[in-house]
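All chains are identified by letter, namely A, B, C, D and E, in their written order; residue positions are counted from 1 within each chain.
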Amino acid sequence: MDITVLQNFAANNLWGAIMPEIMLGVLALALLVIELLFPKQQHQMVPLAALVGLLCVLGNVLATFHNPHVGTETFNGLLRHTRDGQIMRVFFLLAALMVCLLARVSLAKQTMPRVEFYHIVLVVTAGMMLLAQSNNLLLLFVALETVTIGLYILVSYYRNNSLTLEAGLKYLVMGALSSSLLLFGIVLLYGVAGNAALPGHTAQAMHYGQLASFLAANPHNFLASIGIVLVLSGVAFKIGAFPFQIWVPDVYQGAPTPVTAFLAVSSKAVGFAVLLSLSLTVFASYGWLLMPVLTFFAGATLLFGNIAALTQHNVKRLIGLSGVSHAGFLLLGVAAASRAPMAVGSIYFYLFAYLLASFAVFGVMTHLAGANDTDQELDHYAGLAKTNPFLALVLAVGLGSLAGIPPLVGFMGKLFIFISAFQAGLYGLIAVAVVGVVISIYYYFGWIKAAFFETWATSPDAPAKPARTPVDLVTGIALGALALSTVVLGFYQGPLGAWLTPR
Amino acid sequence: MASILFLLFSTLTVLCAVGVVVNKNAVNAAGCLLLCLVGVAGLFVQLDAYLLAFILLLVYAGAVVALFLFIIMLLDVQGRQSFGFSGITTFAGLMAFALLLTGLGTIAVKGHLDAPRLNRLAAEGANLKPYAQQLFTTYLLPVQIIGFLLLIAMLGVIVLSKKHATEEPAK
Amino acid sequence: MMTASLNEYVIISSLLFVIGFFGVLLRRNTLVVFMCLELMLIASTLALVAFSRFNATMDGNIFVFFILTVAAAEVAVGLAIIVALFRKRQTVQIDQLDSLKN
Amino acid sequence: MTPVALALTVLLAPLGSAAVIALFLRRQGTLASAVSLAAALAVAVAGLGLALGGDAYRFSASAEWLKLGSFSLSLGFKFDDLAALMLSIVGIVGVCVHVFSLGYMHDDEAKARYFGGLSIFMFSMLGIVFADNLFMMFIFWELVGFSSYLLINHWHERPAPAAASKKAFIANRVGDFGFLLGIVMCYWANHTVNLSELDALAAKDGLVFSALIPLLLFCGAVGKSAQLPLQVWLPDAMEGPTPVSALIHAATMVAAGIYMLCRINVLMVPDALTVIMWTGTATALYAALCAIVQSDIKKILAYSTLSQLGYMVAAFGLGSLAVAHGDHSHMVAAGVGAAMFHLTTHAFFKALMFLGSGSVIHGCHHEQDIFKMGGLKTKMPLTFATFTLGVLAIIGFPFLAGFFSKDAILYLAYAKNTPVFALLALTAVLTSFYMVRLWKITFLGAPRSDAASHAHEGGLTLTLPLVVLAILSVFGGYTALYPKVFSEVFVLIPIAHGTDHMVILITSVAVTVIGAAAALVFYKSAATDSLGAKSPGLFGALTALQFSFDRGYDYYVAKVQQRFALFLNFLEQIFLAGLIVRGLAGIVGLVGLGARGLHVGRLNVYLYWFLLGLVILWIYANEIF
Amino acid sequence: MINLPFDPLLVAILAPLAVALAIACGLPKRFSVKLAYVGFGLPLLLALHVWFYYAAVPETSGYAFLTSYSTGLDALGIGLKLGLNGISLPLFVLAGIVGFAAGLYAIQSGAERLKIYLMLLLVMQGGLMGVFASVDIFFFYFFHELALIPTFIMVGIWGGRDRNYAAMKLTIYLTAGAMLSLVGLIALYVKSGANSFDLIELRRVLAAQPLGDTVQQNIFGLLALGFGILVSIWPLHTWAPLGYGAAPSSAAMLHAGVLKKFGLYGLIQIALPLLPAGLVHWSHPIAWLAVIGNVLVIGFVTIAQRDLKQMVGYSSVMHMGYAFLGIAAGSTLGVGGVVLLMVAHGLSVALMFLLSTSVYHRTHTFALDEMGGLAQKAPVLAALFVAATFAGIGLPGFANFWGELTIFVALWKFSPLITALAVAGVVISAIYGLRAAAAVFFGPVTPEFAKVAAANPVTDLRWSERLPALILLAALMFVGFWPKSLSTALDATLAPASAAQVAAAK
């Protein structure tokens, strides 16, 4: 082995291209160091360090948004840096920022160690960022497992609560099963794509581009189609598409609220990032398979999520099921993406809208949760508008945006998805989506009703509610910013509007 | 000769896998898993992946199965409970069995792959060098990621297992 | 020399996968369920090695490394959760772990 | 002033008066009455100026009021002799009633509202008179209905006026339903509803004829002029103040139906005329029969009004007459002439009688039952005298106003349709019967109640209008006395010649005498109804006849319409809003509960969902569907 | 002054929103109320300004006061484009007037948590001004929703009996309608190939290349269904009486008076000119549904109501039937009639809700059977109520008459039978209107009312109630006496479009 080979590879392993991920990794390690070096009293530094660090990384990403790596492949084709990848980086960093903020509030009510939480959140976020830029099935699997195993831990983090552990176990078993399915799918794809007897076979069978050209040469290979559906089932688990959504309410309820938010926003988004890159590039030539599958996923997910949420009282389960319906909406966008040029932009816009609104709601939920994080009922919201109008307002804005009511940004997301779907001619799915939206109004409205309309006067026989955490300045600013941007982006998109333009 | 070995190892693998599934006793199931792994390692050898066979035995048999046995002992689970299937679960199980077999059947029938004979191909996996070269050049990034994966897994296990000073005394 | 064909490996691997899946569906003991999940992962590795061999590329073999590592990490975390849960609930039967529902 | 400006003054003066009263004078009743009276005087003076001005003051002018696409609606004046005649009547009777009201409503708390209402009415009525197209006529048609509602409902704290006003408006609405449809149909048939343009079209045979158009338009007249079967509102409308009854429910508004028919004469076809004729005849007879059994002085007059309106409608329905003119004959719209002639005279004597009755009621402290009166001849001599003239006029006493106009109608009927002639003659008998009955019981004999014994003549405001109207009732029948300016109308009045003349004359005198004599003989000045006492069967039958329509409508409203409405409401609330909407919501909710129930919490069940997913995906991969 | 130094339309939209924002930011109550006068008054003044100068200003592509602002979605054909044509001008003015009246009434109403109430009402007002000033369909829809949300909240918080169910039902129905119409609008956006929500652009593209008949029919059907729910077409109307029965008066005034017109306005401004073949296909089903369902069935149902507010709610549903009939007739006359009716109905129903609430304040009940003789104690209230009633039943002199008359005339050409049935509705509305007026005000004082009156001395209408009522009544009568004030602009906008369609049909 001569040294030039190594040099070539070294030249190809452009670590600078994944600077933000590396910074996150370093930040995660630094947190551990802080915990070791400083006495226990100063451990509140940890979340602050995480927040400041995240802000720095975010700043870095934004500053180098149009860096020269965009549009190129690095690490021998393991990664491919695209504008979408950059967008998702911003997305995951924002989400991580909010998760850390909420964790600060939530962990304060627990007797759990702190630093590991932030550490894992940072590492998982880095994993997600890589996942969104992955260009190789191997890296896809490895990064996905990093994310997943991190989430197993996070979900069961409040181990004093047996419900949380139960949720962790359920998530673990189902997650591992879906990982197995995904893996077997990858293996099958790898196997057929490298098979010398087939036209277009390739030595780099895990590379997206190579695999795509192989699949294009063999548009009806049975094993490949089985591999594709197995990969899709693995991704479907991540995004909670019917029928792989069944874990959602249980796990969302059991998980600590910040982790629920992490699952609901980041984990779902990463699933969509992967699904988009797979369906638009790798599996593009298997439209005959992809379209019906995505259509089925979208329709069934939309309906099931909304219907199951209809009578739900536990807000964590409720937001989980509503999240399922949002996944259905996004799937509608993915189904449209192959035919409608603006669908991809719509999906990203929707994801951001979903991020803003979800974290607004989760922020309120975190403040309303008691020490028992799994017990969050709609009844606890009674009179919120009176006792804490700020949180009530944030909640209303968030829920309104989730429901897709103008002038909130969630409406714009839905509008763009609708337009894309119409351009793609998915009329049946649009009908389902309309039904879904109408049904969803019921439970979102019920939640707002609980917070605003009911029992302004506190009745003495009302069931006891967990004590509400007062809002501190930083979280308050963050929640306010979320609500404000949810409102403002609803009618003024400004330069962000350019994202949506067909490319 | 080789086909006899293949037959032997594959039979061992499959039977032991079935053993894992049907054994009422968890310890026995773990034993079956161990034997199953040996069978797979044998198949690896058939495929000239000596290193992987070795690692499989080392990691799985040496670490994972041991861990399983250790936990089984620790928890002292009464693994002898009967399956206790009611009508509906039996039905569901049978249905699942039928469906899975159907799936398997279709893969066997429709998923036929033409491939050249093994002996006409260079056994790249037989040597150690390509592994090293690939891991440290092409797949360096995943290796790094795996490092972080192991780190957080470790931290996670600690968090989930260690008793904390701040924690309230166990009930 | 007679050697097994690729299809035979694929079928064995698929069979292993299916058995694992069936075990996951069937068993109530969490630990055994875990073992069955491991079976499924091993099925994948077997197919991977076979493909790698017959396709004459190294990627599959390399992949096995990562799979084994991931599987080990997964087992470690999973067993930690099971132990913690057992401390709380004194059981590892998954049909008794149904407090989160509806 | 130009004619148009003069006409605008006439039209807008009462509107201005009403606006001023509504906005500023709600509490200044006296001032309000002065303003209203001033407006009425202005109308009378300017109106008479216009009417008597002759050809120089005959004009038509219009201004576009609304235009959408090809549809254009104008407000305009068509001021011909017909309109001039009507304007004169409205002006004169209007002033009389205003003056009378000054005295009659002197102590009323809501005097301002009353005079405001009168002004609105004057405005609306004048609008009808001037209207040069049917849409405009409809607009003011509705407005007179509204002002009638207001004035009937003047004493709103009593249940009866409240109910009567409602009834009047709704009955009118029913008629307007047809009227509006007729106008719309006429518009699409002829592409104009302008009266002059319709005339022009008719002149060159360009008019589209259809029996439906005039019949639908006639519905409006049925409502407004209270013809069968919509006559029920008019007797009830007597709940309003008596001057209102005189102005609106005797002289002008109810006559608007006749006026409208005369305006659209060109649209008439024989079939429609037949229907109109029989409707009028039936109304005339029916109302006369009903009038016999009334004891309320105003109700008697109301039924008499109905009967006379029936006369006019019948006259119109009898239609044109061939008149020999030298050696050739030509058709003359004799129906129009006869109807308008009778309208004119009737306006005078009926207003006179209503105001007279108002004077009586006022004198008797709001006692309206004639059997509790009596002996007013001496107590209220002026009222007695004028009322007597009115009675004589209406029963067709020779050489009084009613004699001539009734003769014209009878002649027309005689010439055109014998059965109608017979029925109208019978009606005339009945008319003179019940009028004399009223006259005798009210004024002759001895007072039968405290109120009657303390009756007294009212002030000058009450008596002066009576005198004016009495004079008009006496001389109103002499066409020769009228200025030439109305000749376009009066030339149309059918005049019998030769034997026909004799037949009519004899008939006319005979019916008057027979009826009057019968009544004089039959009724005593007593506290009970002689007919009721002597022939309860006949009395009961006539009473039943009177109430038959009301009973029918009451039955319809209470038992049909209300039940139907309740039934539909039941469907709406229970079936639609309840069963369907709530049921659908409930079903969705149940499905939601079911879907929620799928989350059983057991991992091994959840794992089957993955199997399900795989099966579905496998199905897709195998392209089974 | 024709040229203001600012864009009157934008300011009319933003002024109430800005005041709402200021109140939301914690302005003290005293200033909030004062500022609210500005928030409600400025749109009215500007609306009157544009009304007055409409004919004088130059027009661009059929719109006066045309301006456009970018919100970042230009590439998608979405932008805040404001302008008025003959159809939107009357409704813009209507929104200004009713908004001002409702605002005045609300400011003086002394509602609990007045600041939030005013804030929501101001948001609604801003949305309303925006709906009718938008040339961009997206913003047209957007402003509608902006105005709709406060309605739900106001019903939910300040509503009367059954407010929870009512608010929920209202929300779900109206969302469903809005979603359906949104899909229809998107269909227009995509299928036209214009890829723009700009109405002018859509008109241009579709004039050059009209959609196929089937496509037109499908899109029109969607729009008609969606807008129909919003306008409460039978049998999808049950939200309306319930919602209005529960809604606080100012919200009911604005919603029933103005916001509900959104659906009709959408049909007229968007569906009719762009989808003529769709109208041809759907006009008969719509007309029959409207005449049998809205006019006759709901007419009788209204007769059966024994609750004043329910009656007003149902009568509003009934009158919407006439509007649908005018749309079905489709000609310049019919459509112009619908616009006139929309303005008239908006004013009169707002007046009716206002007065009903005033009645309630005096009788403490809405049950007609327990009222009677109120006119003796409150003659001005009685006079205004009777005027509103007569306006509602289409008496000439009030704006409603022109709307109904023109619709009937237009409808005859469409179908004489339907016209006959529709005109029968006029009788029905006279029956329930006069019955209600008589039951509330006339006749002797009922024992129940006497009891209430003894406990709470009954006064006549206060000026705070009188002023908004008089404003509405004056507007009704102004248009009633001088319909040309609206119809000229309407005719100028509608007639060429209609002529073009006729030409295209040939």
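Operating definition for what follows: a residue touches a chain if its C-beta (ideal position, glycine included) is under 8 Å from a C-beta of that chain, and two chains touch if they have at least 3 such contacts.
Since the structure is predicted, the reported quantities are computational estimates derived from the model, not experimental observations.
Chemist: Which contact partners do chain A and chain D have in common?
Modeler: B, C, E
Chemist: Which chain has its C-alpha centre closest to the mean of all protein C-alpha atoms shown?
Modeler: E
Chemist: Taking each chain's centre as the mean of its CA atoms, which one is farthest from the centre of chain D?
Modeler: Between chain D and the rest, the longest centre separation is with B.
Chemist: Ranking chain pairs by contacts, what comes out on top?
Modeler: Chains joined by the most C-beta contact pairs: B-C.
Chemist: Can you work out the whole-Å distance between the CA centroids of chain B and chain C?
Modeler: The answer is 5 Å.
Chemist: With chain centres taken as the means of their Cα atoms, state the distance from chain C to chain E in Å.
Modeler: So the centre of chain C lies 65 Å away from the centre of chain E.
Chemist: Measuring centre to centre with CA averages, how many angstrom lie between chain A and chain C?
Modeler: Using C-alpha averages as centres, the distance is 26 Å.
Chemist: If you average the CA atoms of chain B and of chain E, how many Å lie between those two points?
Modeler: 70
Chemist: If I count partner chains per residue in chain B, which residues reach a count of at least 2?
Modeler: 92, 96, 100, 103, 106-107, 110-111, 113, 115-116, 139, 142, 146, 149, 153, 156, 160 - these are the residues of chain B that touch more than one other chain.
Chemist: Send over the residues of chain A in touch with two or more other chains.
Modeler: As it turns out, chain A has residues touching two or more other chains at 138, 142, 145, 149, 152-153, 156, 159, 169-170, 173, 177, 191, 195-196, 222, 226, 249-250, 317.
Chemist: Output every touching chain pair, sorted by label.
Modeler: So the chains that touch one another pair up as A-B, A-C, A-D, A-E, B-C, B-D, C-D, D-E.
Chemist: Going by the contact rule at the top, pick out the chain D residues touching chain A in the complex.
Modeler: 588-589, 591-593, 595-596, 598-599, 601, 603, 606-607, 609-610, 612-614, 616-618, 620-621, 623, 625
Chemist: Going by the contact rule at the top, pick out the chain B residues touching chain D in the complex.
Modeler: Residue positions touching the partner: 89, 92, 96, 99-100, 103, 106, 110.
Chemist: Can you check the complex and tell me which residues of chain A touch chain C?
Modeler: By the definition above, chain A touches chain C via 138, 141-142, 145, 149, 152-153, 156, 159, 162-163, 165-170, 172-173, 176-177, 179-180, 183-184, 187-188, 190-191, 194-196, 201, 203-206, 249-250, 253-254, 317, 374.
Chemist: Please give the residue numbers of chain A that touch chain B in the complex, ascending.
Modeler: By the definition above, chain A touches chain B via 1, 5-6, 9, 13, 18, 25, 28, 75-76, 78-79, 111-113, 116, 119-120, 123-124, 126-127, 130, 138-139, 142-143, 145-146, 149-150, 152-153, 156-157, 159-160, 191-192, 195-197, 222-223, 226.
Chemist: Under the definition above, what is the set of chain D residues touching chain E in their complex?
Modeler: Counting only chain D, the residues touching chain E are 64-71, 73, 110, 135, 138-140, 142-143, 146, 149, 153, 156-159, 161-163, 165-166, 169-170, 173-174, 176-177, 180-181, 184-185, 187-188, 561-562, 564-566, 568-569, 572, 576-577, 581.
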